[in-house]
Structures are given as structure tokens and as C-alpha cells.
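Next come two complexes, and both contain subunit A; in the first it sits with subunit B, in the second with subunit C.
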Partner chain A sequence: MNKLINFIPVTIFTIFIVYMAIKLDEDKRNIFENKNYFEQNKLVGQSLPKFNLPSIHKGYLGLNYNDIKGRYSLINIFASWCVACKIEHPFLMSLKENKIITVYGIAWKDKPENTIKWLSDNGDPYNKVAQDYEGETVISLGITGAPETFLVDEMGIIKYHHIGPLSEKIFNQKIVPLIQK
Partner chain B sequence: MITKSKNYLLVLVLLATIFVLPNLCLAFSYQAPLEDNDLEQRAQKLFREIRCVVCVSQSVNDSETELAVDLRTLIRKKIAAGESDEEIRKFLTSRYGNQILLAPPIENSTYVLWFGPIIIFVIGLLIIYFKLSTNLNLRKKKN
Partner chain C sequence: MSLGYIGNFTLFIAAIISIYGSFFLSNKNFSQRLNLLALSLFISLFLSFSTLIYAYVVSDFSVLNVALNSHISKPLIYKISGAWANHEGSMLLFVFLLSVFTFLFSYRNKNSEFKKLIIKSQNTIILLFLVYILFASNPFIVLENPPENGQGLNPLLQDIGLALHPPLLYIGYCGFSLALSFAVASLWQREIKKSHAETIRNWLLTSWGFLTLGIGLGSWWAYRELGWGGFWFWDPVENSSLLPWLTATALIHSIIVTQKRGTLKGWTCLLSILTFSFCIIGFFLVRSGVLTSVHSFASDPGRGVFLLLIITTITGGSLILYSLRSIDLYRESEFSAHSKEAYLLLNNIFMLTLCGTVFLGTIYPVISQIVLDKNLSVGSPYFNTVFNPIAIIALFFAAIAPSIKWESDSFRKSILRFKYSAVLTLIITAIIILVFNSLSIIEHSAIFIAIWLIINSLHSFYLKISKIGCDISLLSMEIAHIGAGLICISIAFAVGLYEERTTVIKKGEEIQFTDYFIKYNGEKIIKSDNYVARKAEFFIKNSDNSSSYRALYPEVRYFPVEKNRTTESALLTNYLSDIYIVIGDIVDNDSTTIRIYYRPMINGIWLGCILIASGGFLFVLRRRKV
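So, the complex of A and B:
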């Protein structure tokens, strides 16, 4: 009996270590599978934070969080310096050409002249393009990089958040079912 | 004679580079330093608590990525606007989740993490204590 007691600390310690190892592995797997530590944006399911951003064009109306309400739409965070943004660009163009969904653009930490040039070179898929040169609104949206995309419903609730280039596959698998509900 | 004056000039330029340039860099990298020392101290403390979202094993304090710089600016701005540390933490966790804090908060899912080692240590101490005391008792009896 006395001898068994000797094993109690070792047993508890082993259980503890195994439990921690499992938890750590879960964490690691999450990071690798999602490719991002901050994959889960906590704003999903909540209403869009208030923001008011200037347009990239001088003298044009900017983008207000209220503008985005009223219908399902996408908010796409992009920049002319962002390489991966070029990958998703043709798909965004096809969304506009086929009038599938309204897309609003937020140019992140990008000089307006660069954004304008980029859009005239590659085509402008956006209903409105605002600039967040300070990067403050982008932080209040929980963004970790570009490109990232939000799906917002007609009430202004964020329904989905995607990190990385948007593709037809992701759009059909993740976004379309949310709109059809 | 000419070479000598050239040398002086070179030394002057070098000295200027060594002493002036770093200051200029500081002035630029320190976006909006808070004048109030207490507020700046609070900001600095928060910088060390907040994880950089791009380089996840670093704090915002240690990172020079643009997002970290922006986060520092935002934290300073919020402190200057009179927000409490807790409000700022809440603002960030409501966007990025608890992952944004370098130290996981104490809550149901992290009790084992925070208190497990302490409990194991205490159990170990208790067992050593009982073992030693029974050994001592045995020896006393033998004597």
C-alpha cells in the first residue's frame, strides 16, 4: 500500500504531461491546418464595427459601415503591394461582371495613387474603394494581413471571414450556403 | 594639407552618422510617444502583453512589422483617449480572441494550465513530508 503511494505523484505528473501534450498538439494542428494563428475572427456573428473611411479618389464619398447594410455584400481588404491579392483579383472581377454580389474594397496601408493605378491596370471589381492608410480600421476588424474578406448580411452582421485569396471554390463552399439560408 | 582636412571631414561625417542618425531613426519609429510618463509606462506594459498578429511568438513590443507598429500606435491613442488597460485588452480580444494576449487568461479552460503544476508540486511536497516523518518515526522507534 505504501509503495503505491509512491507512484501517485508520478502518475499525476504523467497524466498532466500527456494532457498538455495533447492540447499543444491541437493548437499546433490548428495553426498548420488553418495556416494562421488568428484564423477565428471573433467578430463573426456580430455586427460590423463602426468605421468611416475616406475614398481613394479625392472628393468622392468614402465608405461608412452603414453603407454596407441593406444587402449581402463582401468587404475585401487588399493593397497594391500585396502579391496574393493579384491571385484573387480575376475572381473578384468575375463576381462583378456576373453581378453575383456587391464587393467593397478597403485598400490597406497603400498610397491612393498606387491603389488607383493598380485598379486601372488590373480592373476595378469594387462597388466602392476606401483607404485605410493608418491601418486603424483594419485592426478594429481583426485583420492579420491582406487579402482578407468578410461576408456581411443585410443587417450588417458579419457572417463569414476568410484569410487569404478568395477563390471560386471557397466562395461556393463557404459563402454561397450562408447567403442562401 | 588637403588630405588632412579631408580626413577631418570624414571623421566629422562618421561622428554625425553615429550620433545623429540613430536619433533620427528613433524619432521616426516612435510613432506618437505619449508625453505623460505614467501613460507611456502603461502603454509600454501593454505592448509587452499583446501578441504580434504577424509574428506570433513575439510581442507587439518586440516586433517591427507594420501591424505591430499600428497596434502600438492604436494602444497609445486609446490610452491617451482615457481608455483603461482592461478596455483595450477587451477591444483586442473581441477582435482577435484570447490569442492576442501572450499570457492566456485564467478561465475554465486554462485552470489546469495555470494551477496544475502548483497542485502537483504541493502533492509532491506533502508526500515527501509524510515519507520523511514516517521514516523519522521508524528511526525513533529503532533507537
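So, the complex of A and C:
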């Protein structure tokens, strides 16, 4: 048996590893640039879909798509049962305390009483909070989970869609540049 | 005090022990303490795994893993199985099982340099995965503000078949770690003693048996639960379990040659390395997100990098050792071109070829994306066209090899041994082909080969019994081969005579489908704890009027909390065949769409898997030497 034949397995293996490493690198870059494999978010650049959601508080005004105009604002989809929402919550509070940007909240698939309790326990970073218990309205926003956040401009056009917890880093790197344009 | 802290502590202790075991075993004193080392590693990982299970049982939502994957109203048994149904938990199960095998191997073998090398290798593997778990995949992350309830109530995962599937597979995977360690130890010592090969053979067959059962269970589950009537989709996750199975099948045959004749040593080492490597490469493929799949876990490239590094270390290191030292494994005997060894070598080549085709098909989408910048997917047509014929030819030789002598056998004389079985096979196959005249050429070939294999195995059965008496544990090879033949012929019928009909049916209407009359009696709405369902009633009877009507109740279940729905198919099993009804959307007040499948002989596939696994286990449990 030629000694060289024995090196074939390790050679094939090396080629495999190199391919996989390249692919992983590509995937990492795609996720950072917020490109989904499955579909580009078709809503970026479109107007907010028409919606009208009730408030979590009885007797209070809810959230209408027309309310979200006049200046840049964020719409944040969250829920009391959502574990990752807790991770972004302190940052949302800091946005409110430092008066950086208005944030509207939509409680998704959450009983209003649970949302209210969660906000009173943890703090309420929202200008207004609406509820979408069935989850039907937020489907038009392409929501597949919580938390998710949209940047909307003064005309009601969606400028950015972030899936997952919002962080200061992402806010500064992705959202602030869009506002400053 | 969160259980997460206890869990992390036990993992930390296990990591320390495995550092000891990987790097500090050169000292002569430690060699005597091998059993103690293996025991302590096993105990710490046992505590680790038990802590996770316990956290699920008591619904301790301060543990992030439990909060994401469990729920207070989950039935207890699914709370427990939820522990390993997610990425982090299943990695912990994997490492725990590695320590189980290490411990068992240690206690069943006397201390020796060989044993020490194996324990060292096992500890290194365990250490690498423990580092991964501790830093990139920790199930014991603690939440400072635990939620009141968990998020994990996916109804599709609450199924007993799915609960058992990972443990069975992982017992198989982890057992093969011993094979890799065996190869590394042998290459390091530049020799394979026959006694070593004999020792490892038991571990190989045990693991292989469990892997066979795990794959069979997964396939059976998919068939019953997914409602498409299919049993194998060439999905990347399925392929990941098939790849090590193929190399392992080659390995259990190759090691016989090494044990009895002291040859094919290089092959045995290479196959040992490849089998465990495919197990961990499979982990990488399905968990890193490079391939998207029907059942991928949360894909995460960061996770993928770490796994890739582990694979590079384990597989790359072993293969480099193999490249440099396999020529030092001297041949203890020679064999001619027509000998049992030659046939088993041919089997190695066949299995490796099958492995290559499946592997290439599975990773082709990745390669094409990098090289051609195209998004391709490779599906069943490729796999079936390339895999099936090669597999069938390999089975042909499986019928012949057992009767061929070691070292050298006369070609003419060996052909004559098959005169009766050949004639019998041809007759039976001809009858079947005439009766079922709608089959294709490849199905004819599959049936011929399956019967050829079964008849020759029965012949071998008979010869052995008349020589040494009826001891079923010595007939393990025949039983496994008959199982393989059964799978082959069952697939030929299940695919070749498959029938399916999609239609709208009205309440009170009766239709005919193959040999059956099916009557639809309308549906009811039923409520259960966490779902609402449409439950349809069908009465089905065989058209030969010999049997009476039997009732079938397919359902569509709606889970309001998860906004999910599942279809529960209804099966009627007649000997080995199935009639399968699935209901679709309602058409109007008393009509519904239904899909009916006829799968002849399909249960032969699962029965065949059980036979194959039994063959493996029977050998390990035998009382006499073979």
C-alpha cells in the first residue's frame, strides 16, 4: 500500500472543513447585516399597514397606525411571557429616561392583566401600549416572535426591522444612522 | 438558590477530572487509578444530567433552558424528555453518555497500556465537549428574574416516539467514541492485537444495534406523525444518522477480519475514526445552520464555529495519526482475490461508496452556494437513483460471503454451493413478478436480491443448527441479514405498490380504495386539556367480506396557546401493510377532503430494523466463542 493513499482521508477532511468555515463566515455576516435566508423583510420601505389596536388599559385610547407619524419612533413587540424581552428591557427604559426616542409597545398574545403587571413590576418604557391578544394584526407586520422592533419615520414608513432583543450597540450602529439621514 | 448553580458546579468538576484524565495519565501511579477516574467522571456528569432533569420535573424556571423549553402544564413525561429535546440539553446527554461508556469500558477491562490510552482519548473527547458546553452551550444559565411559566409547549414534540429517539441514537453515537479511541490507541502503539479487536467488537455491535433502533424509530415516527405517508426523506438530519450507520456496518464486518486474520487493520482503523467523526459532523451540520432542515435546532453560526473546531481537533488529529502510522500496522496473513476477506473488503468499499454519495448529496447545497453562488437543493431523486442500486448490489454479496472460506476459496466450487438457493430464488421471484406485474425493474431487482439474501441466510441457519445445535445467539449474523433482506423487500413493495388518493367525501358516502371499502360518518368536535380537535369517523372493511367493519378516527388538533395545529392520521394495519387516512380541510357542512394511502408491507421495514439490531445484541450476549 502506497503511503500517499493514506493521506487521502485527511485531505478530503481538510477540504470539507475549509468549505464549512467559509460558509459559517458568510452566515455570520448575513445575520449581522440582518439578511434572512428565507425572505428579505419586504416591509422595509413600505408604509405601516393600517391597524387599530386597543389599549391594555380599559377605557384608554389604543394605538392607531396614524398615531405613529410626525417624528421618528420605535414600535416594539413584546410580551410578559417573553424571556428575551427582559434582556432588552433595561435598554428600552434608558431610551425613555434619556428622552432619546418615542417607543410604542404592542403586547403580543398576552393577557392585558399580565402585561400590566409585568410593566408595573419592571417599569414602563412605552409612550402607549396596545394589545394584540390574537396576534392577527401583527401578522401584517411579518412578526414571527418576540421581541421585534420597527423604526418608523415621520411619514409612517418602516425604515428598519430588528428581530430579537434590541441593544445599545444595534441601536447606535443600525438605527441612529437612519434617523440622521 | 437556582439549580443552575449546582448544574454549573458539577460541569466544572467534570471538566477538571477530564483535564486530569487527558493530560496527567503518564504517571505510572495514575495508571492504576483508571477505574476511579472513569467512575468519578461518570458520577459528576450523572449529577449534572440529573440536575437538569430535576429542574424540568420541578419546573425551576430560574434555569433559562427550562424556561425556554418547558411549561407548567406539560405532562410529566414530556417535561423529562424536554430536557434532551433542545440543543443544550441534548449536548449534555451526549457528554453524559460518553462518560457512561468510558466508565463501563474501564470496569470491564483489566488495566493495561492499551486501556490507559483509550481512557485518555475518551477524556480528551469529553473535555472538548465540556468546554463547548460550559462556554457556548450551557443548559444551566441562570435567570435572575425567572418568569412564572415557560415557553415550551410545542405539541409536535410531545410524543413518546420522539422522546425516545435521541437517547437511542446517542447511545449509538457515544459507543462509537470507543471505536475512535480504539483506533487512536492502536495507531499510537503501532499495532492491533487480535484480543483488542475482539474486545472492541462487542462495544461496536452494541452501539450499532442502538443506532439501528434509533434510526428505525425516527423513520417510523415520521411515517406515523407527519401525515405524508413517507418514511424517509433524505433530510440532512436523517442523513447525518445514516452516515455513521453505513461506516459502522462496514466496521463491524471489517473488525471480524482483523480479529480472526489480522488483516484489514488500516481499514478497521479508518472506519473507526470515520464512524465517530460522522456522528459529530452530523451535530455540526444540523446545529450550525449551514443546512436548513425540517427539524433543525436553533441555528447559530457562532455555535457552529466552536463545533467545527472540536471536529477539526478530534477527526483531524485522528486522521493525521492514521496517515502517518497506518502503514506500521503489519499484516498478519495474506488472502487471495477470492476469499472471505476479499468479500468483506468489497463490503467496506461498497459501504464507503454509499456513504460518499449520501455525504456529497447532503453538503452539496453548501458547496454550490460557495463555488457556484447558486441556491440548490438536493432531494430524493438524486439519493434514490444513486443509493438504491449500489445498496442492492452490496446485499447480493452479503448472501454469498458467509459461505466463502477464509484465505482462499475456489471460485468454481463456491458457485456450486449456491445452486439450490439460486434456483429457489429465481422461482419465487418469478412468481412474485408475475403476480404483481406493475413493478419496475429496480423493484424486481430489489425483490430478487432480498429473497436471495433471505434464502441463503436460512440455508446458513440450517447448516449451523445441524452442526452445532440450536443456539440462537450464534445465529446473529443470519438474523441480521434476514432483517436486511426484509427491509429491502418491504421497501420494494411499499414503494412499488403504493397507492394514494385525495378526494372529497360526503357524510354517509362509501368509497372503494384498493381492496377496501371506506365509509365516512361525519365528524365531531372534541375538547381536551390543551387542544380542540375535529375527530372524523370512518368505517373500513376489506372487500372480500370476510371481516367486519373497523373504525378509524383521524383528527386535526388545534392548540390555541401555540397557534399550532397537528394532524393525527389513523392507521389500519393488516399483517404488514397499512391503510392510512388523513383528513384535510372541511369543504362544506358535511363534506371533507381526505387523503388515503395504501402502504403494502411497510411494517416489514421496522420489523427488519428490529431484527438487525437483535442480531447485533445477540452476538454480544452469546455464551460461546465464535
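By our rule, the second predicted complex is superposed on the first by the 142 of 181 C-alpha atoms of A that agree within 3 Å, B and C clash if a C-alpha of one lies under 4 Å from a C-alpha of the other, contacts with A are read in each partner's own complex, and residues count from 1 in each chain.
Criterion: contacts are C-beta pairs under 8 Å (C-beta built on N, C-alpha and C of every residue); 3 or more make two chains touch, one makes a residue touch a chain.
What you see is a predicted model, and the numbers here were worked out from it, not measured in a lab.
Trainee: Tell me the contact category for A:Leu61 with respect to subunit B and subunit C: first, second, both or neither.
Mentor: neither
Trainee: Using the touch definition from the top, say if A:Leu178 reaches subunit B (first), subunit C (second), both or neither.
Mentor: neither
Trainee: Have a look at where A:Lys86 lands relative to subunit B and subunit C in the superposition and call it first, second, both or neither.
Mentor: Second partner only, subunit C.
Trainee: Is A:Thr144 touching anything from subunit B or subunit C once the two structures are fitted on A? First, second, both or neither.
Mentor: A:Thr144 sits against subunit B, while subunit C stays out of touch.
Trainee: Look at A:Gly135 in the shared chain and tell me whether it touches subunit B only, subunit C only, both, or neither; answer first, second, both or neither.
Mentor: Touch status of A:Gly135: both partners.
Trainee: Identify the partner contact of A:Met155: answer first if only subunit B is touched, second if only subunit C is, both if each is, neither if none is.
Mentor: neither
Trainee: With both complexes overlaid on chain A, does A:Phe16 touch subunit B (first), subunit C (second), both or neither?
Mentor: It touches subunit B and subunit C both.
Trainee: If we overlay the two complexes on their shared chain A, which of subunit B and subunit C does A:Lys3 touch? Say first, second, both or neither.
Mentor: The second partner, subunit C, only.
Trainee: If you lay the two complexes on top of each other, which residues of subunit A touch subunit B in one and subunit C in the other?
Mentor: 6, 9, 13, 16, 19-20, 23, 31, 37, 109, 135
Trainee: In their shared complex, at which residues does subunit B touch subunit A?
Mentor: These residues of subunit B touch subunit A: 53-54, 56, 66-67, 70-71, 73-74, 77, 91, 93-97, 99-100, 112-113, 116-117, 120, 123-124, 127.
Trainee: State the interface residues of subunit A toward subunit B in the complex, per the touch definition above.
Mentor: Within the complex, subunit A contacts subunit B at residues 5-6, 8-9, 12-13, 16, 19-20, 23, 31, 37-38, 40-43, 109, 134-136, 138-142, 144-145.
Trainee: How about subunit C: which of its residues touch subunit A in the complex?
Mentor: Within the complex, subunit C touches subunit A at residues 64, 67-68, 143, 145, 147, 149, 151, 266, 270, 273-274, 277, 284, 288-290, 292, 301-302, 304-305, 308, 311-312, 315-316, 319-320, 322-323, 326-327, 363, 366-367, 369-370, 563.
Trainee: Considering the complex alone, what residue numbers of subunit A touch subunit C?
Mentor: Within the complex, subunit A touches subunit C at residues 1, 3, 6-7, 9-10, 13-14, 16-17, 19-24, 26-28, 31, 37, 80-83, 86, 109, 122, 135.
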